[in-house]
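First chain A sits with chain B, and in the next complex the same chain sits with chain C.
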Partner chain A sequence: MSAALPETAPAAPGDETPERRFPTAPLFLSGPAALLFAALVLTPLFLTALLSFNQFDYATGRTGGFTLEHYLSVVTDEYYLEIFLRTFRISALATAICVVIGVPEAYILSRMTNPWRSIFLLVILAPLLVSVVVRAFGWSMLLGPEGPVNGALIALGIGRMKLLYTEGTVVVALVHVMLPFMVIPVWTSLQKLDPAVEQAALSFGASRATAIVRVVAPQILPGILSGSLIVFGLSASAFAIPGLLGGRRLKMVATVVYDQYLSDLNWPMGAAVAVILLAANLIIMLTYHRMVEGHYRRRLG
Partner chain B sequence: MTRNGPVALFFHTLVVIFMLAPLAIVCLVAFTPENTLSLPTRGFSLRWFQAVFHHPDFVQSFWNSLWLAVLSATLAVALAVPASLAVTRWEFPGRGFLNALFLSPLIIPHLVLGVAMLRLFAVVGATGSFGWLVAAHMVIVTPYVMRLLIAAISGFDRSVEQAAYSLGASEAIVFRRVTLPMILPGVTGGWLIAFINSFDELTMSIFITSPSTVTLPVRMYMYATESIDPMMAAVSALIIGITMVAVLLLDRVYGLDRILVGQH
Partner chain C sequence: MSFLELKNITKRYGPLTAVGDVSLSVEKGEFVSLLGPSGCGKTTTLQMIAGFVEPSAGTIRLDGRDITRAKANSRGLGIVFQSYALFPHMTVFDNVSFGLEMQRVARGERKPRVEEALSLVHLSPYAKRYPRELSGGQRQRVALARALVIRPPVLLLDEPLSNLDAKLREAMQFELREIQRKVGTTTVMVTHDQAEAFSISDRVVVMEAGRITQIDQPYRIYEHPETEFISRFVGKTNLLPGKVVTATGAGATVSLAGIAVPVETADLSVGETVTLCIRPEKLHLTAPSSGLLTGRVADRFFLGSQWLYHIDGPVGTLMVVTPNDGSTPAEQGAPVGLEWSPSVVRVHRGAMAEAPDVALEVTG
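Up next is the complex of A and B:
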């Protein structure tokens, strides 16, 4: 009811046809925010893209000129290839585990009755708002040599294991940080689901498993898909978790960019890796939009 | 919770333990009387909290983070209210672009924003400036505010405003007495979520803070990569406490599920 009312827009009460002319009111209203975003999003991204083509002189630290060597070394240098591959592997694994844990959990949550439903939704989602440094630190204590997990392993007779600074730990901590991003979209699509449809399947003699696989799963698939893409994108650019739990040797893309910028001071190389990361993220997000839109178009048409 | 079977409830319990374990252990270890990271088996002690309050770097970073979060959330709301009105109520050339631009920090990795801002600050000579840090945080919290405001403004009955106009109210009066009160839950909810996001932000800030503007998450990250003692646990427990207060407030004024899950 509030959409499509441009002719009664309050900023132009004396103007008969505000939408025919170029409207000035929205420009004034959005101007300050647009200036901020032009200055602090578009300009710095443009400068960084330019920087990634600059040459870098290790002796003097100067940058300038034009070169493709940074992009070339990302696709040819073993060091970078390994880091990109590791980042992909860890993110894919974290995403898969988030699906396996997050989807059933969202389904279980949606079948609860209040107040339990609200309480546990809060329990699952609220850690999202606690600083990621705190959560990484919590995992380093849980999995540390003197931590309770190793204590339990010793008590079980398995013995102490080196858990910190391994890929496994990074994956576990990433799953902890990303799980809410999987639960949220799946929960949202479960909310749109009519429980009567599942009931109908059951009353026609379908088993619970059949009802879930044939009736519920297809309808929440877009939610699972969108959750997976968000989790993958965020995992691939995660910084604090590999930084604190991966140690010096287990580098991921984000920690390498950090090293390039703040230890090696090779800004052009860091910029090239950052540009690739940004491009990969945008491709993932745009694919997601296209898929979701395609899905709705098919359902509507 | 009658509709879930025992297997489902067991699974659910494991997930809840998984989600809470790292936060719980931090809060427990914060009260240890020992010198090492260990669970407080021989009574509770507040010595590590005292150590935090007597650590000038952490105290300074706390105030940096607090001011940064208050300023950037407030300024972001001040910019986002008119901007959300513009993109929801008017059809104008470039509207789609502006809308995408305002929400873009949600899909640009903070790492990329961090290195991009570092470059910009180096070019304009703003490295280490607190004002520019505030502006950078405004960029990353504005999308959260805009999402809530756009939802509030689109679900808004315009006839109330029209009634006010027809009774002779001026634009300023209509905005102050009608529009603003109706979108107020979106404004306060947006401010709180912006505050939390700014207060917690690490990945972008680590590139653009200077020794005098280091924020609490950045200080903790630096500290944790060098030494680990129970003081880290005490700082973390304090942060969890502050976050919980903000979360409960947010739940009161807006509804946490509405903010996180969205309205569908």
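Up next is the complex of A and C:
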């Protein structure tokens, strides 16, 4: 610390006065990130939104002009409605299961002492090092008609079951992929807790369960909230898992977008579906965020 | 048999012995303070009584029951944590009410009791606030109210008043003492502040590096510190190295840099190296060359009700505290004489140790 001081000290008194420097500094500091964000995220989004209003000519495959027909057909078509509903149902279910599994997991992790804590944290994070596609293939091999799960079911006399290409399988695989995104924010907010607060609850005669429900859970709610938002958002726009484990018939929104772009070559239609997914996702997440966080803002700051 | 009894309690963290072989008996209704420098194991001792730290060895008995391995939530103690440990997501009212809820006190009875506890700590107007909207001292008082409201048989207080201003602290000390007298709560309090420990405790436990060095009534700790460390840690003291020159059955004479000083300690032997401890307020200023030794005022500090002098003399610099009786104080640089009665001199055997690296606190 002291060794670094002589190097940084001369740089500190800038030639600008504090009053003049104050408004420009945040601009300079956030500028590069803002530019990068605009170039890499907003531009493609804007182009996609523009594309979704273009007309599409099936005969020639040309796009151009302005129309609302793609939006109208998505909103009115039962087929799309069902896919949207299925997407949000599956995502909500996956999020709920991630909360149920991930929160206790994070709590147990936070109670471990060090060699074990590091090992298990690594175990939880390790799946992130493997491509989603590889993990999805893993599930399809495991659950396929000739896979070990069906082999076990046959050996037990229950008989072969159709496991692949069902909603349940997609949910299970999504939970598997998304769990780290729930565990990490919850674990982080558990790290910030003062262990004495839980001890205080115990000292008043609260059972461990009461202490967790009344004292620990409300404090880690922001962590659960951000974990839920990440898991829901990623699930609703997931592509590889439903694509590989949902098959041709069990479609989710992201796979429909893919089909529109690459099978039907109807890019404006795909863009419209994507924009609607984005909007719906935003609305759901913001509502949820307001509902939960508004409740806790004053208490936890 | 005593109400709360620690027997040979030890806590080791790896190679570090945070608390070593601590034995302490607390009677029912007694107020005991743990006093010691930072890091000496006071909190660890309290946490072992509370059940949050498991002792490496030894037993803890409460009311005849062995609670060494009992769960923390079965001990029924009222605790004020050093870090307060308030529930951040609950209002002040709910924080205080939590313990009553756990005791299944009816809702109708909870409200008046919470309000009473809050008014005791002067926080009635803050009932609806959240802890993060309070100042440090207010939070500390919430922690105190939360522990008092359940009327526990034993109160464990970890520096419960450290963040309060002098006036409020005095008021709270008085309240603590009142409650403890009225309800007969057995109290163990950790404190850094020796004035606080002395003014409200029945007995004071002095700890040093994980061990208890003396358990005694406050005035005895002050007047008869058993070790040189205690005499330095508790209050201010003058430490003077010397050698015994004559010894009789009734007392001895110690030579301090050639000046013979009588002491009343009996079993000393001639030629022994000793350290004399004399409290600054036991030294009296007299006219030059009329006392036991003569020196010169090096510095003087006005403390309000007292004057603190640094007197340079043949045995080094001595601290002298005199009451401010309104008369003109001795001038800086003026020669003065010093005298004291042999009965106020405490003798510790052996040479003077290095000055302890703890911050000594000034007591008024």
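The definition used in the following text is that the second predicted complex is superposed on the first by the 239 of 301 C-alpha atoms of A that agree within 3 Å, B and C clash if a C-alpha of one lies under 4 Å from a C-alpha of the other, contacts with A are read in each partner's own complex, and residues count from 1 in each chain.
Definition applied: contacts are C-beta pairs under 8 Å (C-beta built on N, C-alpha and C of every residue); 3 or more make two chains touch, one makes a residue touch a chain.
Small disclaimer: the values here were computed from a predicted structure and weren't measured.
Contacts of A:207 after superposition on the shared chain: chain C is touched, whereas chain B is not. After overlaying the two complexes on the shared chain, residue contacts for A:53 are found with neither chain B nor chain C.
In the superposition on chain A, contact is made by A:128 with chain B only, not with chain C. In the superposed model, A:261 lies in contact with chain B only, and not with chain C. Greater residue coverage of chain A by touch, when chain B is weighed against chain C, goes to B. By the touch criterion defined above, A:219 lies against chain C but remains apart from chain B after alignment on the C-alpha atoms of chain A. Shared contact residues on chain A (touching chain B in one structure, chain C in the other): none found. In the complex of the two chains, the chain A residues touching chain B come out as 1-3, 5-6, 8-11, 13, 19, 22-23, 25-30, 32-34, 36-37, 39-45, 47-48, 51, 101, 104-105, 108-109, 111-113, 116-118, 120-142, 144, 146-148, 173, 176, 179-180, 184, 187-188, 191-192, 233-234, 237, 239-240, 243-244, 254, 257-258, 261-262, 267, 270-271, 274-275, 277-278, 281-282, 285. Against chain A, in their complex, chain C makes its touches with residues 50-52, 71-79, 81, 83, 85-90, 98-99, 102-103, 130, 132, 146, 150. Those residues of chain A lying in contact with chain C across their complex are 194, 196-197, 199-208, 210-211, 214-215, 218-219, 296, 298-301. By the touch criterion stated above, chain B contacts chain A in their complex at residues 1-4, 8-9, 11-12, 15-16, 18-23, 25-26, 29, 36-39, 79-80, 82-83, 85-87, 89-93, 95, 98, 101-102, 104-105, 107-113, 115-120, 123, 135-136, 138-139, 142, 153-159, 161-162, 165, 171, 174, 196, 199-200, 202-203, 206-207, 217, 220-221, 224-225, 228, 232-233, 236, 239-240, 243-244, 246-247, 251, 256-257, 260-262, 264.
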